[in-house]
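Okay, structure first, notes after.
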């Protein structure tokens, strides 16, 4: 069995099992730690729309805060957009998803993907540097913060190398790329990459809690 | 051609002029993937080259490799090189058969002890030797015997090089490659199913010219021919870069000659010279004719998933297994949450001021 | 049965190798003009799309000299419209192209009569005269 | 009006007296950690679990915190202030506790001691960080759980401990009990302001706070005048008038529940339809949003803050105000627990504009408003004095930027803190209360 066969076969399967297992474990575990129902008299009763509103409104900072967190605001958007374009609109990635989902969608030209991947990598490195140097971020950071950056950074770098056939044979680079994605998938449920799943429920619960008090979250 | 003649003398006897010889050398240098500046070196070496003795053995094979080499019905450059070697034994091509043929082989081996080149096509059954025998001798034993005094072995075709189709799961005959049996001789793997004929002759030309083993890659293949992957040298590469792919074999993209990546082309992971040397006298190669590369020069290409599955497709495992993982995660999540809630209840019940 | 030539080949494909090759020829020609050595480029070693070899030949055009050598099959030597740039096509006895070169030189080596052939010719002429 | 009030200086002296190094509860270190964990376990729920599991450690919350902004001390990043809770959650309550336990340090007494400063001195629970968090995490709620843990472990600062014990054991605050209220009511009666004390039946039950009785009797008088003017059927009970809840401030459940219970039971007994909260942010938050949950059943009455009441009465035409024509401008300081934690932001502004006042907003306002710097009982802590003053400077700067003639607020705690800050820095912008402003502009 070659490295590539392992990476695209059993390696991928185990990573996916751990990924799915871990996510359900953590989400179900958190949700089942139910809270008592709030029986105070609500000011507004349409908490669902307040919750959804928060999911949307927390995507950008309130006016009073915008200036202070502009760096994170801008890099946050640049990072996520560049990452999602690179992940979701690169033709070979779409083929990868198609092999499990059974459907596909249009892809973007490779040159655009290369640019977005480089942008994503550069922004992530900038965020890593900030985390290591900004007084607050450096102070509050723990291993998870660095591991989570690392396990996302490596697939990006190996992906760019595989795409440009730089440094080693394509199949080796592809295998390393897949393996690095698998490491990311395995880490995903245990670290803060889970925010990809948790962001919407967390914002939603904030929106409903604020909403029933008549406060826009 | 007499055995003590060198190639230069032989060609002159055939009425080939110096000019013709130079032409032959240019073409040979091109064949060996040498730069044009190496022509004079090639000419000098070839003029004085001794014709090597070659013993060709076919084991578990389909004769496709031999077909590839001899498909031409008129004399060509390759056949000229063939003429220049002394092909002392080739079961498929020789007229002789049975004990006479085996006697000729043994004689050639004895006469050229330590100098002959052993060419092997086909894999070797390594479990039950009875699967393939010649004149009552098993392939395994014949290979060991022939290899003992050879100068080097050329494993022609993916079967001899890597086990080939006979080695495909579940490998009923226990087929293995030459390199899994012979460990103490230089082995040059000329893989491909079949290999490009000019690559076979190119390797022989290298022996003829330099009398040495060419530079090999990690899989024992000559770097001159297997150093780059198909994808890197493919004329359709610009479509890949632009993200223009044929989605089916009969769509507009296919007609326009777009990249076949999505149709399972294995070009990016296949190392061979098809994209430059091409086939059928340089006419075309699979991708040019509209079909993706199947990766036939790579080990185990037959067991690496479907020919029409894109390289980037992963084996995700069954849906049930994923659902099982989710169910297990959910069960653990519920369990852990219930335990935590019990703890919370206990804390709330404990009255302590 | 139709011959290969009658099957239409899609020629809008481009590897992007044609232009660099033409630049390489330009540089080689300059070097030659400066009195330095000539250059030989093996067209078979470059990945070229169907039709690109023809495009190169068409771009180079045909010049004044055209020679055909009959040795181990025909070889066509064509000076291109750029003096000093020669297109050499080796074919085997089957008329199949076995190698194709662009040679940047004053006169391709292959056109010169070769010393060994001259020696053999002298021998033959002397034998002829003896009889 | 000119009701006898304690001077601010005297009040500050009283607070200073409470800063004593009395030994708290005599507990072993193990006991303290165990009790802290018990309190954490009681207070952790699904919401906090999702919060803990979602935090990205992006540190943006620091940018919303006045204490961080004023000091640039990274320990004051709000996310850091609930770090022990997060560690506890990860080790003992989270779904993946078996995994995290291997990597997460247990909490120690040293941690609890360190965090006493971070969650009592360096956090007013204002929740401004809750508004910046891109994940919508209620950071202030997590820090409140921290206070519960520290209270359980016996790490409440002495000043807060003293007033908590006073409220729990004597039902007085700063020595203000039924007697002191009765005396005030009598003084007001002498001035012609009728306060229907201790009626057995009333639609509206008014609450007040010890701070008002001591420092701002004018505000109490103003409230009474407004209620009378609006023709409300109201009372105030000498046995259940205290709106402030030191239990919720310190993180002490028994005291919190006891204080809520006193009010709820009395309001039910007199058949009140409405409990009217005085100008006190935390008191409103406690009864309005926690009351029913802590009592375990819906309240039999509505809880309404004074700005809501006034705005509603004006709208209903029961209250007519004089319209100022002198072009006076004010800025409204949103008490955090009324605005971003209570949803009462528009009503006070409506009331002010109804009086013809120009309301000039501070750069950060409404739900993004800066805290006065001393909320959640923080203003009683001597150890927080410097920090509080620095945070106040931010507020002061924003108010100065508006150029308004005066600051109006709807919370006596905010008012005290702004006044202390002004006192320290020689700031001259008048700080006044919404009810007093309304009472001064009642139309005949």
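A, B, C and D label the chains in the order they appear, each numbered from 1.
One rule holds in what follows: contacts are C-beta pairs under 8 Å (C-beta built on N, C-alpha and C of every residue); 3 or more make two chains touch, one makes a residue touch a chain.
What you see is a predicted model, and the numbers here were worked out from it, not measured in a lab.
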{"item": "If a chain touches chain C and chain D alike, it appears here", "value": "B"}
{"item": "From chain A, the most remote chain by mean C-alpha position", "value": "C"}
{"item": "Chain occupying the most central position, where position means C-alpha average", "value": "A"}
{"item": "Interchain centroid distance [CA atoms averaged], chain B/chain C, Å", "value": "31"}
{"item": "Chain A and chain B: spacing of chain centres that average the CA atoms, whole Å", "value": "43"}
{"item": "Whole-Å gap between the CA centroids of chain A and chain D", "value": "38"}
{"item": "Chain A and chain C, separation of their C-alpha mean positions in angstrom", "value": "58"}
{"item": "Touching two or more other chains - residue numbers and ranges from chain C", "value": "none"}
{"item": "Residue numbers of chain B (touch at least two other chains)", "value": "332-333, 336-337, 340"}
{"item": "Multi-partner residues of chain D (each touching 2 or more other chains)", "value": "44-45, 93-96"}
{"item": "Contacting chain pairs - touch in the sense defined above", "value": "A-B, A-D, B-C, B-D"}
{"item": "Footprint of chain A on chain B - complex, ascending", "value": "229, 231-232, 240-243, 245, 261-262, 268-269, 271, 299-300, 304-305, 309-317, 321-322, 325-330, 332-334, 336-338, 340-341"}
{"item": "Partner chain D, residues of chain A touching it in the complex", "value": "22, 25-26, 28-36, 38-41, 43-44, 54, 58-59, 61-65, 68-69, 72, 76, 134-145, 189-190, 192, 194-195, 198-199, 201-207, 209-210, 213-217"}
{"item": "Residues of chain D that touch chain B when the two form their complex", "value": "35, 38-39, 41-42, 44-45, 92-97, 254"}
{"item": "List of chain C residues in touch with chain B within their complex", "value": "4, 10, 12-16, 40-42, 44-50, 52, 69, 71-72, 75, 90, 92-94, 96-99, 101, 109-110, 113-117, 120"}
{"item": "List of chain B residues in touch with chain C within their complex", "value": "12, 16-20, 22-24, 26-27, 30-31, 33, 35-37, 39, 72, 74-77, 80, 233-239, 255-257, 275-277, 281-284, 288"}
